[in-house]
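First chain A sits with chain B, and in the next complex the same chain sits with chain C.
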Partner chain A sequence: MTLIGIQHVDKSFPSRHGTITIMQDISFDVKDADFLAIVGPSGCGKSTLLRLIQGLDRPTAGRVEFRGKPVDRVCAQMAMVFQSFALYPWLTVAQNVAFGLEALDWPADRIATQVERYVSVTGLDGFQEAYPRELSGGMRQRVGLARALAVEPAVLLMDEPFSALDALTAESLREEILQLWTDPQLPPEAVVLVTHNIEEAIQLADRVIVMSRRPSHVLAEVAIDLPRPRDRKSPAFYELTDRVYSLITEGGTPMSAPPEGKPAA
Partner chain B sequence: MLGLLVLLDSHHGSEDVALLADDLDLEIDEIFPALEYAEILQFVKVSDGRATFTDLGKRLVAGTIRSRKAILREQLRRTTLFKTLVRALEGAPEHQLSDHDLGQIVSLTTTPSEEAVQNIINWGRYADLFRYDADSHRLLAVRTPAAAKTGGGKAPPPSPPAGAPPPSSGKRAASPPAENPAAKMARASA
Partner chain C sequence: MAETDPARAYLPSFSARSAALYLAIPTFLGAIGIAGYGSTLDGIARLLPTATIDVGFSFVRMCAAYAASLGFALAYGYYAATHRTGERVMIPILDILQSVPILGFFPVAIYFFVGLTPAVSWLGPNIASVFLIFTSMSWNMVFGVYESVKNLPSELKEAADTFGLRGGLRFRRVLFPATVNRLVYNSVLSWTGGWFFLVEAEIFTTNTSPLRGIGSFLSLSASAHNADAFLAGILVLIVVIALLDFAVWRPLGRLAERFRYDTSPSGEGAVPEPTRDHAGRFHRAAAYVTRGVRTSVSWISTPLVQLASITVRPVRRPSEFQRSVFYYLALGAILVVVWLMMIAITVAVFRVYTGPISGSVRHQILLLPLAMGASALRITAAYAFCLAIALPLAIFLARRPRASRVGLPIVEVVASFPATALFPVIIFELIPYMGAEGASVLMLLTGMMWYLFFNLLAGVRSLAPDLEEAARSFGLKGRQFFRRVLLPGIFPALVTGSITAFGGGWNTMIVAEYLHVGTSRSLSVLGIGQQIDIGYAEVGGTPLMVAALFTLVASVIVINEVIWKPLYRRAADRFRYD
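Our next item is the complex of A and B:
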């Protein structure tokens, strides 16, 4: 079932120097049980695309649909995890996790139970009363994750969630995301991950959308058919990394498009 | 530390330390603290520049978010520092220790820098060995009902912040008594 349909989306911004077109004619779907990654060079609009998907911003042309209906406001069935964690420093961990639920007008006792559940599931037990300043980067991102999962979104959006973390912490968090993802009792139904780390995309996702330089279009959708957990050193993994990397650096010729009329990369 | 164990797992459980670091484009000294904790807690053995999982380490990394917490708790509990902290809390008035007391105890095993103390607090909280109230700056014992509730709760292994090692002095002494860790684990798992 298609959860999200992105159909011929353009996005431009007005500026002093005229209109800046970030992306053009972006089309792809996100289906139930998809773990989708979006990669591409800096400035190609990956984060903007996530905002368009969630309804934080509107496309200049084209449509974003969620379960067949246009996304014309912030979609409550999606939740975002941010690179910079975006926690409220004056709230405790439990209060931060509860925040999205309060906005949904849930009764207090239901919120408390839900917070407990997702605090526990993400390993934040023992930190409920802690403030963000007491926490390491990895722990803060777990709070971000717990907060997003607590609203039980259909789609989890992640905008460079591991970029602000040191390499070892990122390693453990990626593994935890996969544990949570493969637990059928937990939300979400689909994940859209934006990352500049190609290996990370291939390690985690079922499909990688490769975007070109700005004004960006979709260069390719690369299917990752490897069983998880994936061995980063396997020939198949290398081959996929190479393929995605070449697409990005060569930048011009979509692999899936017919060759006629297009210059060779 | 957990990230290092996940990384080692992706290298099939045994690897040259230099190559581990290389995999994530790190310098060896950047993975050293994590490696040190992993050794202290008996999840890996390092010899001749090579890190290898112990059985406990393999079990930790193969486990779920929930089971990892339990294993980590058991290993931390055996270290001089955390044993001392837990005992101190048991004996303290209202089962609370001030920041000052905490600093004194920490200084028995390592330099009580702000970062080190925060790390220690977070390791202990994570492993459900104690609680901390940042508003009153007090370490608190985990009460039995809470301990029963949270000790059994699922929890992912939040990589305790790489910083000062939990128990550094008596690092060698902290190697638990000769008892087979696996046997202890088996008894400890509720």
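Our next item is the complex of A and C:
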């Protein structure tokens, strides 16, 4: 079932030098049980696209639909995890995680139970009363993740969630995301991950949307059929990375010969 | 889920060192009083109760003004920050209003409020003074709220949007906490400025419409050469300021720490110190000026800015300098003509409402440009002295951590004490030694010094350490380092500090040029402040008062638009790091 439909979306911004067109004619779907990654060069509008999906911003042309209905305001069934964590420094970890639940007007005891649950799930036990400034980058992003999961969204949107972390922390968080994803009891139903790290996209996602330079369009949708957990050193992994990389840098032609049976969608 | 209760974390915080510094001032003055003026500890003690009551009156005025400012700042600031259309009007208005020397309006305000409440004689002046202090306090608090909300990192706003936070919840969890830090800091600034201006206002009215308070108490004591009373007053005032510091501002500052946010994503980034950020609002207000006005203004201002920026870059051709001077003189001539025209209009308007104006008053009015010029010279002289003291002091303290650990607390305590409280002493005791002009310049200096100093301090501190390292690795030392790295680096802070210093100076003019206590007139030097005061004090002088005030306000606005704002824009463009 299609959860999110993006149909012929354009986005441009007015500026001092006239109108800047970020993206043109972007179309793709996000279905149930999809883990979708969006990759592309800097400035291609990946993060803007994520905001269009949630409804934080409106496209200049085209439609964004959630479960068949147009997204004309911020969609409450989606939740975002931010690149710089976006935690409120004056709220404790527990209060930050409860942030979205308060807006949903949940009663206090129900909020407390929910917060406890997702604090455990994301490995933050014991840190409930800590303030963000006392936490490392990895812990802070876990709080961001817990906050997003706590509202039990249908779609989890992630805006370059690991790019502000060091390589080791990012790696362990990626593994945790995969564990959460494979747990059927946990939300969400679909994930849209924006990243500039091609390997990360291939490691985590089922499908990778490759965007071009600005004004960007969809260069390709690459299906990742490898079983999880994926071995980064396997030839298939290399080949996929290579293909996505060439798509981005050359805007089309892959450097190595296309392997059998795996056409770019 | 336990709510951490900020109230439980509140504790008054007493610092023995600061207490000692606070008490050093009255001790020092007391020593002078006892040695030179025959005052006795016994005599001082006997007058403490009266002094306390008078300080109490002043304190009540301050509280009323502050409460009004806080409410106003929260309402106005939030509205402007969250409503695009309102913002376009509200911020430029405030920007112009805050550059107007508000104390200049004090005589007019008294006149107005006394006229409103003729039956109750003490109500008018009190409302006038509270209103005036309210205006002086509220501008920077409004800007504090406005800028905190606007500068909130966009991700924090997006997170609130993403989780659907609206209305009251959004206010409680996001918008209000974002302003707490700036509000506390700006409240301290507001109170410091407020004491200064309130005492100034009370001194001003000592003779004419008595406002019972510490200002009039000190003024009367000084004019009667009553050292005991004067020292008692100073002592009580300092104790009150110290108590406020220990019981209110320091604990609040600690609480507000929790609300600081840094924008660096990982690890502990250094949180930028909340400087008195006039930078942001001048920059924004400048953007609102329509292009037409800006081009015509820049025709006038470019040579002036070139003249001013000679300090930072050496003149390459003498003809450039000559051209600037020529434009400057021409501009001066144009301004004088415009002034005369405006004054003529004011007088004409007045004739319609109040009947004919006496010849002597008309004569005074025509001399107003001269008075304005005299005041401008005086304030520039005071500024030059300020710069000569503040710049080396700021550089010294900012670059030597050991010196600043001792020196900075001293400076902060001294700066928190309203220098206007000492004006009566300066006027009644020091004029024989330094002359009326000297005393006047000294008083102006006290009203300008701290604005300049603290901005320069922040500027030197914020000099990026890697720029310094680069300079050192290329072997830049001493004079070269000073000229090529340090001065350009602090140029924006210098401009901001100068703008605010001049603002403080204009405000001090009302008492720095003319004071009339008892039957003796103690100070009168030619100047616009003097003209306003004379117009206020003398019968039939109302047209003079209004015309002088009009001249002052118009001149300050013109100077801001033509000199300071373009200078600031130039500083912001050339010397920004990003």
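The definition used in the following text is that the second predicted complex is superposed on the first by the 251 of 265 C-alpha atoms of A that agree within 3 Å, B and C clash if a C-alpha of one lies under 4 Å from a C-alpha of the other, contacts with A are read in each partner's own complex, and residues count from 1 in each chain.
Rule of thumb we're sticking to: a residue touches a chain if its C-beta (ideal position, glycine included) is under 8 Å from a C-beta of that chain, and two chains touch if they have at least 3 such contacts.
Since this is a predicted model, take the numbers as computed values, not measurements.
Colleague: Could you tell me whether chain B and chain C fit or clash when both sit on chain A in the superposition?
Modeller: With chain A as the common anchor, chain B and chain C both fit in the superposed model.
Colleague: Anyone got the angle at chain A's C-alpha centre between chain B and chain C, nearest 10 degrees?
Modeller: Rounded to the nearest ten degrees, it is 80.
Colleague: Once chain A of both complexes is superposed, is A:Ile38 in touch with chain B (first), chain C (second), both, or neither?
Modeller: neither
Colleague: For A:Tyr131, using the defined touch cut-off, is the partner it touches chain B, chain C, both, or neither? Pick first, second, both or neither.
Modeller: So A:Tyr131 meets both chain B and chain C here.
Colleague: Kindly classify A:Gly123 by the partners it touches after superposition: chain B alone (first), chain C alone (second), both, or neither?
Modeller: After superposing on A, A:Gly123 lies in contact with chain B but is clear of chain C.
Colleague: If we overlay the two complexes on their shared chain A, which of chain B and chain C does A:Gln95 touch? Say first, second, both or neither.
Modeller: second
Colleague: Quick check for you: in the superposed arrangement, does A:Asp231 touch first (chain B), second (chain C), both or neither?
Modeller: First partner only, chain B.
Colleague: Could you look at A:Leu193 and tell me whether it touches chain B, chain C, both or neither (first, second, both, neither)?
Modeller: Neither partner.
Colleague: Touch check for A:Ile6: first (chain B), second (chain C), both, or neither?
Modeller: A:Ile6: touches no partner chain.
Colleague: If we overlay the two complexes on their shared chain A, which of chain B and chain C does A:Ser84 touch? Say first, second, both or neither.
Modeller: So A:Ser84 only meets chain C here.
Colleague: Could you state the shortest Cα distance, in Å, between chain B and chain C after the structures are superposed?
Modeller: Value for chain B versus chain C, nearest C-alpha atoms: 8 Å.
Colleague: Same chain A residues contacting chain B and chain C, which ones?
Modeller: 129, 131, 136, 166
Colleague: Under the stated contact criterion, what part of chain A meets chain C in this complex?
Modeller: 51, 54, 56, 74, 76, 78-80, 82-86, 88-92, 94-95, 98-100, 102-104, 108, 111-112, 115, 128-129, 131, 133, 136-137, 140, 147, 151, 164-166
Colleague: Enumerate the contact residues on chain A facing chain B in the complex.
Modeller: The touching residues are 120-127, 129-131, 134-136, 138-139, 142, 166-176, 179-180, 229, 231-233.
Colleague: Under the definition above, what is the set of chain C residues touching chain A in their complex?
Modeller: Checking each residue of chain C against chain A gives 1-2, 4, 153, 155-156, 158-159, 161-166, 169, 173-174, 177, 180, 258-263, 265-268.
Colleague: Where on chain B is chain A touching in the complex?
Modeller: Counting only chain B, the residues touching chain A are 1-7, 10-11, 23-26, 30-31, 34, 64-65, 69, 118, 121-122, 125-128, 131-134, 150, 153-162.
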